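The structure is given below, and queries will be raised subsequently.
Each chain carries a letter (A, B, C and D) given by its place in the written order, and its residues are counted from 1.
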Amino acid sequence: MIEILEETKGKDGRRNIRVAKENLVALIAELKSQGYDHLSLITGIDKKDKLEVVYHLHNVKENQYIVVRTETSDERVPSISSLYPSANWEEREQYDMLGLVFEGHPNMKRLFLPESWVGHPLRKNYDLSKVQYVNMDEDGNDYATFDPGDGW
Amino acid sequence: MNVLQRLQAFFAILGHYPSYILAYFFETLFMIIFVTVMLIVMIYLFRKYMARVQLRIGPNRVGKFGSLQLIADALKLVGKESILPRKRDDLPYRVAPIVVFLGLIMAFAIIPYGDFYYIGSLTVTHSNVSLLLLFAAIAIMPIGEVLAGVSSNNKYAVIGALRGVAKDISFEVPMMMSVLALVMMASARTSEPLNLTNLISVQSIPYGIPQIIGLGVFFIAMVARASYSPFDMSESDSELVSGHSIEYSGMRFGMFYMGMFGSIFLGSMIVSLLYLGGYNGPFSGDAGFIYLLIKAMILVIISFTIWLSVPRIRIDKFVNMGWKYLLPAAVINLVIAGILTLGLSL
Amino acid sequence: MIEVKEPKKEVPLIGTIKAIASVGKHIFQKPVTLQYPEERPNYPDRFRYRIFLSLDDCVGCTLCEQVCPNRSITMQKVNRDNPRNKRHIYPDVNFGTCTVCRNCEEICPTDAIYLTHTFELARTRNSFTYSPEELSLPEDEVIK
Amino acid sequence: MVVPDTAQDTSKDWVELNIGPQHPSTHGVLRLKVKLDGEIVKDVEPIIGYLHRNAEKLCEMDYYCDALVYFDRMDYVGAMNMELGYLEAAEKLLGIPPPERAQWIRVVMAELSRIASHLVWAGAFGLDLGMLTPFFYCFIEREKVLRIFTAVSGSRQQTNYMSIGGVYQDIDDQIIYDIEQFTEEFPKKLEEIFNTFVKNDIFISRNKGIGILEPEVAIQYGVTGPMLRASGIEYDVRKAEPYLVYDKINFDIPVSYKKDNLARFLVRFEEMRQSVKIIKQAIKKIPDGPYFNPKAKKSLMIRLRGEGEVYARTESSKGEFGVYLVGDGGVKPYRVHVRSPALKNLSVLPVLAKDVMIADLFAISGTIDLVFGEVDR
């Protein structure tokens, strides 16, 4: 039996389950076998001292939602991309925006920003005053730079 | 008396050979001017027609009804910098647009614009095998396109050239088969069926009526030759951006562009010559050229409508169509033509 | 729930000719293009574009500056005799970044800032910012 | 003669072709790295982010009411649906339900917006396949919708019409008359446009049986909206979890079991017909009353405070548009996350476009209905 730390009902009437991140994959695998076959959304939230990851799972047939949350203090979360193919891009997006590293992800690269971008924009301590410019090198790969003369 | 003889008479004072040389020179010049003017008219007509079909107005700022728009565009194209790709294969890259345009001009030079004995014929070559020459000239244009595709060192261009080759092979055979049927029918009436003038003058009824299948096959082939939608696989806008002409700019691109509109006009002319009676018509005589032009223009408008309303066919389906439907249809047409010819000669 | 049916299968070629004809017959319809500078469309009353400022009504509350999503509005000091505006600050608007969302109009407590139909604001890159005085002038009197 | 790059590397039996970000049929700034074996597409890798503006961060930096501006610019062809998606979340979080009249007005606007979005898609899909003209017919019809939007809100595309707790401006009799006029005329024009597409054998042959998306794969990849319904799953948020007043309106969800490009095309056209049906019903039922909640007075716009977490989903023209909103009790949202349906639908492209011809790759990417403001956010 998977240990559930806390179960609440959210403001929108959805079931909220909080688990430790070690139990995350096992819980989601069990939920998937219960019919939650559609991973709607993965959201990372920067809570300043820790990062919270929220999974919205959806049962298309019975139209039920369940919200699984876990938190991490070392930016590392197990990946569920082997369970849901759609988690692949979702996790890449969260890595891109928040710096959450999903362990076991086959292709942990940034989704939107170029690979050499410094910092993760949705972090609360992201420095907005430093402007980064994007350009494309000879091989057609994007890169980010602080030099305004090099950017587009 | 045709234009050539009139010119020769005009220059006769210079002697026999110089007068003929000058006469040929000026006639060629007239023909090139005619083709260029027709191209400009065609492009203007296309833009205006496209705009009206799409419920727009089209060019209307430069000159009355935008009639000078094309002149302005041509001037712009001439004045534009021609950007050359760095890793191009220089000679074929530069030669390719000229080859396309030359093929077009040569084909126009061989077409009879009117009966040989009347004014209005600009025909440069009065050969006995002008039909073969005409198709030889048309076959030059794909060479230019392939050269352009391979030499500009671009993957899109290479794919475009590959598609162009596949396309050309699959429509040329049925096209020639349907022309063969024409020659067969004409051979019952004339001893020189390969001469375009003879081939047209023996059409008491337009060949398009007994050979309706041949007309269809030949028209489809001409659509494919001019490579506009639905058969613009080799230069498809939304897939290969611009196919073989992707790396061309300035006047070089202008040559490809004019080559395309020229092939539409050329195709319409050839179809109306071979299948719709050409310059024959009631009270033709001196006005034969007008008949030809009207027939060609109606076909041009039909071509434009097809261009604007039909999606692009996939290359494998086109090759399928060429070999599995067009070729058998052309063969059936050939058989029908044979039966008709036998019936006529008996 | 309804299941969409595939359209009736047309005879090959005939269907295509029908489709071509259905496009071709549009040539007899009137074009819909408006020749813009000569003909002008009817702008509805709510059509919004250029921001106007009534200098006499502005109380300098900075609410428009706060609500502007693009930070297009900044407050400027203007020496002007207006007893209601104690701090003598008025908004200026950078039309280069203004998205015409009309949040400033909605929030303005005295209706001093409002959006109008004027939309022909051709400007060079450096002159998009309208000072408070310029905002109160009609468009053709603003010299840039 | 110089051999092109494509032939130099003989060790690999495929050609890598880079399509986009600037390409006529990538609907903006999609970049596809395609591995080609002749004409056959062996592998597609979509690369996105060229229109990335980080709307989520911008929303976090602004007040609750200002985020609407950024949501307008996500799916810019159907902006009203985006506003609706955000407001569904924000109103739950702030506890400001819109009054009855505003809800009905929102339904009308959302459906008009859906029509506008699908018309853009239909025109652009025609262009992808090489049909030049239906594009203009679609845009002429769309322009009529945008005129209604201008009359209602004052702006054509980025309307910023719905506000927290209602709508910015009430609709009057003239606008109701305009909308009724539109719903009378539009179905005829729609059939005309429909016929220019489907009567064409070549159009049918380009779409039938191409790009088969199995329902299981669709759900695994999070595909929603018309693409999912064309795969045979009758799932629509408007029916499954009705928001606004959709439960009081009689309409059908179009479904197809053919799973191919043509099915997606037909489903979207049927959706437009259903939208007209919804508008016709809703416009008659708009009740009298206030058009915004007095709790969200305009002068209080920047003082709204919310706490908690809300995930609200709506059916936008692309699919299930979800907004996850976290508030910490301040005047600005703490975290905004958008479930962008077009992004999820795009992620299935490598599966769909396996071993198809190049021409079909563009037909398939055309049926996904990509709008890059929404994919990249």
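For the reader, a short list of remarks on this structure follows.
In this section, a contact is a pair of C-beta atoms (placed from the backbone, for glycine too) under 8 Å apart; a residue touches a chain by one contact, two chains touch by 3 or more.
Just so it is clear, the model here is predicted, and its values are computed rather than measured.
Between subunit C and subunit D, the least number of touching-chain steps is 1. In terms of C-beta pairs in contact, the better-connected of the chain pairs B-C and B-D is B-D. Chain centres computed from CA atoms place A at the largest separation from subunit B. Per-chain Cα centroids separate subunit B from subunit C by 50 Å. Here the spacing of subunit A and subunit C, counted between their Cα centres, is 38 Å. Chain geometry summary: the mean Cα position of subunit B and that of subunit D are 45 Å apart. The geometric centre of subunit A is 60 Å away from that of subunit B, both derived from CA atoms. Looking at subunit B, one finds that residues 53-56, 308-310 touch two or more other chains.
Counting partner chains per residue, subunit D shows two or more touched chains at residues 133-134, 137, 140, 196, 200, 202-203.
For subunit A, no residue reaches two or more other chains under the stated contact definition. Viewed as a contact network, the protein chains fit none of the simple shapes, being neither a path, a ring, a star nor fully connected. Inter-chain contacts, as defined above, occur between A-D, B-C, B-D, C-D.
Subunit A contributes residues 10-12, 14, 37-41, 43, 45-46, 54, 56, 60, 63, 65, 67, 84-86, 88-89, 97, 110-114, 121-122, 126, 140 to its touches with subunit D in the complex. Residues of subunit D that touch subunit C in their complex: 58, 62-63, 65-70, 133-134, 137, 140, 143, 147, 150-155, 158, 160, 163, 168-169, 192, 195-204, 208, 234, 252-258, 262-263, 266-267, 269-270, 298-299, 301-302. Put simply, subunit C touches subunit B in their complex at residues 16, 19-20, 22-24, 26-27, 29-33, 35. Per the touch definition, subunit B reaches subunit D in the complex via residues 50, 53-56, 87-89, 92, 150-151, 153-156, 158-159, 162-163, 229-230, 232-233, 236-241, 307-317.
Note for the complex: subunit D touches subunit A at residues 18, 48-49, 52, 54, 56-57, 60, 92-93, 219-222, 233, 235, 240-241, 308-313, 320, 322, 324, 326, 334-335, 337, 339, 343-344, 347, 376.
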